[in-house]
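This is the structure I want to talk about, given as structure tokens.
Every chain is named by a letter (A, B and C) in the order it is written, and numbering of its residues begins at 1.
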Amino acid sequence: MTDSDNNSAHNVGFFITCLADLFRPQVGFAAVRLIEQCGCHVSVPQQSCCGQPAYNNGDDSKTRVLAKNLIDKFEQFDYMVAPSGSCAAMVKVHYPKLLKDDPNWSGRAQNLADRTYELSQFLVDVMRVKLPLKLKLKPAQFVDDKKITYHDSCSGLRELGIRSQPRKLLNQRAGISMDEMDNSEICCGFGGTFCVKYPEISTRLVDNKISGIDRIEADIVLGGDLGCLMNIAGRLTRCGKQTQVFHFAEWLLDEQPETGIAGTKPKT
Amino acid sequence: MKVLSQNFKSASKAALLNDDLRSALDRAEGGFVNTRKKAVAELRNFEDYRTYGQQVKDHTLKHLGYYLTQFENKVVKSGGHVHWAGNGEQANKIILDICSAANARKITKGKSMVSEEAATNKSLQDQGYEVIETDLGEYIIQLAGESPSHIIAPAVHKSKQNVTDLFHQHHSRLGFLEKVTEPEDIVNQARQVLRDHFCSADVGITGANFLVADTGSAVIVTNEGNGDLTASLPGVHIIIASIEKVIPDLVSLGGFLRLLGRSATGQIMSVYTTLFNGPKRKDDLDGPDQFHVVLLDNGRTEILKSKYQDILRCIRCGACLNHCPVYTNIGGHAYGWVYPGPIGSVLTPLLVGQTKAMHLPNACTLNGRCQTVCPVKIPLPSLLRQHRVDLVQMGAHSWAQKFGLWCWYSLASRPKWYNQITRILVAILARTATRGRFRWLPLARPWTATRDFPAPAQSTFQQLWKAQHRRKT
Amino acid sequence: MSAREAILLKIFEVTGSSNFGSAPDFSIKLPQPDYEFDIQSNKIESNKTDRFVAMLAQVHGTCEMLENLGDVPDSVTNYLTKVGAELRAVIATDEKLSQLDWRDMAVESRAAQKFDRTSITVAFAGIAETGTIAMVSSAQSPITLNFLPEINIVVLLESRLVATMEQFWPKIEAQPRAINFITGPSKTADIEQTLVYGAHGPRHFHVIIVKNQR
């Protein structure tokens, strides 16, 4: 664990993750700002995917190629940080298993795994961020009358143990208070390619999630994984609901994010 | 039991549209999850027990030959018989022989999942025996001519109304003319009908939750007491159990009992836990004259050899089903064989063939909730993924699926191309979207049929970042 | 090759047969159960009884405390009157029961039969941790008494109460034909998750804890 005073020395390799790269770059910029405000230096090496789709479909040989690419790019940094629990878990939990029989790579995989963190984990557990002090945030007046809830994505929750960290950050953010749904820890039905292989089951699961959101009448749903968030947001808009969905990092900045995932506008 | 797992897709779709099933499952899920949570919290070092359960099962599997023969010796010493069966057919043959030697006609049965594997009821009925399931849930589905949809609550998919009708249909000829609609009355009627069977059966067949090697005890856990009546009233008691049920000794049994009740039904201890050690003794006033144990392999030794060995730790508590978002929404029948839910999705392909049951390990989001509740810490998601690895190696997937993955991979493995091509794609998509989303997209129907597809921003993060940092880098 | 040989052979292919026959070293330690309710402490002997009673109540069992064994018949009569049952019972073929003065009731010492309404048995032990009664089968303790009747009354000498399952095992000297752990009345939740008592076994499970064996 690092003391916040000598964070300046840290070089962080930022792994944007496919979905944030393509669909929601503002998540990346928000994350980078947060990491930089801890005094770290952030780099973004040219990158593609961590290999999760291949891995979850059982194609280990393809996954290994992608894993090696990624290790190659990121092992030079002190830390690798990603704004996604499932992508961080891929590197932290699954890379070492995937490459354990490869003498040239097993050590490198473990080494990177040890220094890889999901964003909220990095900020809270490694940088020990105290938001109002470190980030000098303005109070978030705009949320006064909004009910905000959090969806725990499965990989982050169960593979990395991320539960309190994003809530801690959001609670430190003046003006934000959270309401919990009773099914915050139950899968939203995204599951990578699951959502298109078994769309009917997937839809039922996301509908259950939305019932949970509706039960507490939340206006805003936050989470740490864009896959789940796009799934929830896409179903919400299709059902004609006005609930907005964001990555939690977007709500830790000074500016109020306007447009939610899938183009939703704030309720008026 | 006939394998229908290949129909998973259509069966699960149909299940989702079944409103009765949905209310039954909702009711059950809520109950199981909350009661388990409470019971687990009450034993503050429950986690230590999970570790213990895992270690003891692993130890036993490592010395399986020793413990099985030790068990066998002890049963024989106490006057019982042990029979070994390589598969279900052999097991059924053994059971048929015992029944015919005993001149049996009527057979009562306690709940046993391995006997479902072996289709024991059918084999007995084909030979003219009358077979009566005595666990209330099993009895209900036997009347309905169905198979269990949950490993500990076989009739969980049935509504009260269903049971009312079934009982009316089957019991009126026994003189029960009024329809029973309240749970108490339903249970009471079943009690009366089954009581006759208990007392007139010639053979009782039960499963076993554990086989204790050190004492030769077959352990049966129930809440209704049907297992004990099945075992104690007829002249012959046959236990059918798969070989991985063996555990070393009574002390370890204590550990597993603390895990089982809590995980299965959220009970600190189930109502009846019975250790059976052989037939009636000389001075006993009751108990069976014959005591048989059928040890069934049915694929276990193959699993022992494989990468799936961990699944043999399973104590069939059903917790993984109750916590599975897929199971709790589609119910058990869609899985198409004896074992549904996460345990079924790992086990079924191993026992009936990986390609036949290939949907099962794929129809999972890998959300991991099952693993966190499994009392013997089986890494269910990893085993499910392992099936997917095997399926890829076998080339079992469709051409379209392979092609899709190949396209994606060609791009993802070349970050430079990836960056260039995604830029173009993103720009096109961003321009064609309305209000930040798509109601329809080519090739994305499985998503867009029920969900809008969020549109990307104008540029990718990497593109924007590069532009901002051009001077610096 | 017999099925037995085939199965064992396959197992030995994986596990090796070198140590077959000699007992493996089984040294995994069972954790001590950690409850809020301190039942381990021997200092507080009454804790055991309290826990037993509390756990039994949780599972819908009922309980009564008596000073002396001789008080049992009166207590049974009262109980049966209270639940509206006939004053008739099958009692275990155990001296502790047959020697008692049952003048107010019709009792018979035997195994249970189909329509017996009430049985009275003597517990081999009680386990406080879970509110469980342990019955051990013998000529004096036919096991059908535990399952067939609708009302099962169990006499438990307080001295036979142990704290945990682990303290129970050593009390068994030679393995009996059957050990029945009973924790409350028979029940089922198979009809829409509604808990119903008296599925196949006893609807009422009543334990009489007796302090002195007089």
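Following the convention adopted for this analysis, contacts are C-beta pairs under 8 Å (C-beta built on N, C-alpha and C of every residue); 3 or more make two chains touch, one makes a residue touch a chain.
Just so it is clear, the structure is predicted and the values come from calculations on it, not from any experiment.
Measuring between Cα centroids, which chain is at the maximum distance from chain A?
For chain A, the chain whose C-alpha mean is farthest off is C.
Measuring from the mean of all protein Cα atoms shown, which chain centre lies nearest?
So the chain nearest the centre of the shown protein is B.
Between chain B and chain C, tell me the centre distance in angstrom, where each centre is the average of that chain's C-alpha atoms.
29
Just the number, please: Cα centre separation of chain A and chain C in whole Å.
53
Suppose each chain is reduced to the average of its Cα coordinates; what separation in Å results between chain A and chain B?
Chain centroid spacing, chain A to chain B, equals 33 Å.
Help me check something: in the complex, which residues belonging to chain A touch chain B?
My answer: residues 16, 20-29, 44, 46-49, 51, 53-60, 62, 65-66, 69, 73, 154-155, 158-159, 185-187, 189-192, 194-206, 208, 230-231, 233-235, 237-238, 259, 261-264.
Enumerate the contact residues on chain B facing chain A in the complex.
Those residues of chain B that touch chain A are 9, 12-13, 16, 325-326, 329-330, 362-369, 371-372, 385-392, 405, 408-409, 411-416, 418-419, 422, 425-426, 433, 435-437, 439, 444, 446-447, 449-457, 459-462, 464-465, 469.
In their shared complex, at which residues does chain C touch chain B?
Contacts found on chain C: 2-4, 6-8, 10-15, 17, 19-24, 26, 28-36, 55, 58-59, 93, 110-112, 114, 130-132, 137-139, 142-144, 146-148, 164-166, 169, 175-194, 196, 198-202.
In their complex, what parts of chain B are in touch with chain C?
The contact residues of chain B facing chain C are 24, 27-28, 31, 42-45, 48-49, 52, 55-56, 59, 61-66, 68-70, 78, 84-86, 90, 134-137, 140, 153, 155-156, 159-160, 163, 183-184, 186-188, 190-191, 194-195, 198-199, 215-217, 223-226, 228-229, 232-233, 243, 248-252, 254-255, 257-258, 265, 267-281, 283-287, 295, 297, 301-302, 304-305.
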